[in-house]
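Listed below are the structures to be examined.
Shared chain: chain A. Partners: chain B in the first complex, chain C in the second.
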Partner chain A sequence: MDENLKELIINNSDSIVDNWMDEVGRIKAGNYTASISDELYENTNREFVNVIFTSIQNQGSSKVVEEFSEKIINLGWPLSYITDGLQIFRRVTIDFLLAQADQVDSNHFSIVLTSVDEWIEPLIRQLVNEYSGSWENILSLQRVALQELSAPLIPVMERITVMPLIGTIDTDRAKLIMENLLEGTIKHNSEVVLIDITGVPVVDTMVAHHIIQAAEAVRLIGSTCILVGIRPEIAQTIVNIGIDLSKFLTRSTLKKGFTKALEITEREVVDLHAKNQGIEDIMHSLKGE
Partner chain B sequence: MNPRSCVNIHKEWDIVGARQLGREMAKEIGFGTVDQARIATAVSELARNIYLYAKNGQVCFEYIYTNSQKGILMTAVDTGPGIKDISSVMQDGYTTSGGLGAGLPGVKRLMDDFDIESAVGEGTKIKAIKWIR
Partner chain C sequence: MRIPILKLHNYLLISIQTEIDDQTAIKFQEDLLAKIHKTGAIGVVIDLTSVDIIDSFIAKVLGDVVSMSDLMGARVVLTGIQPAVAMTLIDLGIHLQNVPTALDLEQGLVKLHQELGG
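Moving on to the complex of A and B:
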């Protein structure tokens, strides 16, 4: 019976496809795919319905399905396009099969429902899996990418290092920050480490706690930590919330922090041009005599 | 008439979601950058408390209006272990997790109105309001 039904719908695939295309075309307008051109939409629909039929014919030929889902994912179409499409296919096929039958009793009805489900379900499962698999993939890639830009330590000058922090600091990142900070401080033999929090959106007690611990650890290994990039609103919030940063050197900008760092390491920035200018002035005044 | 948006807190990253929503909504109604930072920080504290102590909970935001002023109300609800002695957690420096112990008293200072209800074994509900000056 199952095979008969299958044959029936494969032989009549044209009319089923027509019905299906009609219905799918109708949901386009107010739906998610509104920004997609009609031509692309129709071509994709045709491909989709072919995939469905191939899959039914071959009892789940996963290769075609895989290729198709990959294409849809690359196009960036929502998962609902696939689930809607398959739901509509289910409805259209059931309607068609029931209309074809001479007499519809509950037995026949249940056979039709079961066999259509048997065709559609593996497809739904596979497509949804492909989709969520690709999301998980993106997610894990992003996690790795995030980890990579987590806590870089930049030696800007002998004995002076900068750690710019950007984005949210969670527990994992806080650990990384601490490790990189200490390792780097020792490796680069830095006397002063500047932690720049310009890019940290919110400094709550946990973030402050981690920064304080990191600074304390840096102090223990004999270096000085300067906290820079404290924006005015962050300064106010820190005061409101009652975080005590009085033990640490802080500066509003990296520039000021760097000047302080030079001071600590007993160096200064000399403007060569101004110096030359001064010499020229002297030369000039000498010539004038 | 008053839309209410909520964020469920289960993972550490949900804290970021809650914070962004809070900041977005604060910006929308017209808070300045300093108050936005205060609100975002307060959200961060409350959401982190849920994540650390209760594991599961929700942070909700809604706008509130009175005759003379408008503001944002945030509600942090969890079904965690509850707080036995509220007066001690409202003291600066009190912590059970090795943190700074400035969380709840800090939130109280960051916001204008602050209200905490808690029952041991049932959970905690914190309401905090910030008015636009």
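Moving on to the complex of A and C:
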């Protein structure tokens, strides 16, 4: 019976496809696919319905489905296009099969429903899996990217390292920051580590607590930590909520912190006067003439 | 198991290479103080590079040793504390506030040298 039904719809695929195209064309207006050109939409629809038929014809030909879903995902079409399309196909097919039958009793009705479901279900499952797979993939890639960005450590010069922090700091990130900070300090053998919080929008007790812990840990491994990038509003918050940062070196800007770091490592920046010297020489020689 | 204490001019060098239990720690504290008394050392470097675990008791002993040595006129520097160890200590709320630290043995000696005024 199943096979008969299958043969029936495959032999009459043309009329089913026509009905389907009509229905799908109707949902185009006023939704997600409205901006897509009619030609592309129709071509894709035709391909979609071919994929459906191929899949029904030889149960388990996942290759075609895979290729198609890949194409749709790359085009950036929404998942609802697929699910809508399959729902419409289910409806159209059921209508068609029931219309073909000589007498419609509940037995025949249930057979039709079951077999159409059997054709459509695996398709839906596979396509949705493909979609969610691609989303999960993107999500994990982004998570990795975010993690890479979340606690960078820059060895700016011998014995001095900077860690610029941007964005809010939660417990997970604080842990990562601490780990990177300590590992990096050891790896680069830095005597001074500057933590730049210019890009941290809010410093509450939790963030301050994490930063203090990091600074303490840095001291324990034998390095000095300077907290830089403390904006006026941050300074006000810190004092207002009663956080004691008096034990730590703090500076308002990275520039000042860096100067302090140079001081600690007993170095300084020296201007090379060559340029001015040259001009003075010229002036002198002019006067001399 | 006793921890060897090496003398280098006016300094004492200790490299802790094994996991320290409470007994060893106490023994080490006594040994070090005796050695400071005997040699008249003015600086001590305790290197913890190969120590992976420090519990609260060991941390307390280390902090005590530093204060005790200070009383006897010897400055102590802890060096080479591993990141994981530092994190554990901070998590335990042990900050070793008045203990000088340095990245490695070399910088520890430099630090001592500076603090003792050359």
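Note that in this section the second predicted complex is superposed on the first by the 248 of 289 C-alpha atoms of A that agree within 3 Å, B and C clash if a C-alpha of one lies under 4 Å from a C-alpha of the other, contacts with A are read in each partner's own complex, and residues count from 1 in each chain.
Throughout what follows, contacts are C-beta pairs under 8 Å (C-beta built on N, C-alpha and C of every residue); 3 or more make two chains touch, one makes a residue touch a chain.
Everything quoted here is computed from the prediction, not taken from an experiment.
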Once the shared chain is lined up, is A:170 touching chain B (first), chain C (second), both, or neither of them? first
Would you sort A:154 into first (chain B), second (chain C), both or neither based on which partner it touches? neither
After lining up the shared chain so the two structures overlap, which partner does A:40 touch, if you call chain B first and chain C second: first, second, both or neither? neither
Determine, under the contact definition given at the top, whether A:283 touches first (chain B), second (chain C), both, or neither. neither
Using the touch definition from the top, say if A:185 reaches chain B (first), chain C (second), both or neither. second
Which partner does A:237 contact after superposing on A: first (chain B), second (chain C), both, neither? first
Which partner does A:209 contact after superposing on A: first (chain B), second (chain C), both, neither? first
For the chain B and chain A complex, residues of the former touching the latter: 12-13, 15-16, 19, 33-34, 36-38, 40-41, 44-45, 48, 92, 99-103, 105-107, 109-110
Touching residues on chain A, where the partner in the complex is chain C: 178-179, 182-183, 185-186, 189-191, 213, 216-223, 247
Seen from chain A, its contact residues with chain B in the complex are 168, 170-171, 201-206, 208-209, 212, 232-234, 236-237, 240-243
Chain C residues touching chain A - in the complex, by the definition given at the top: 78-83, 85-87, 89-90, 95-97, 101-104, 107-108
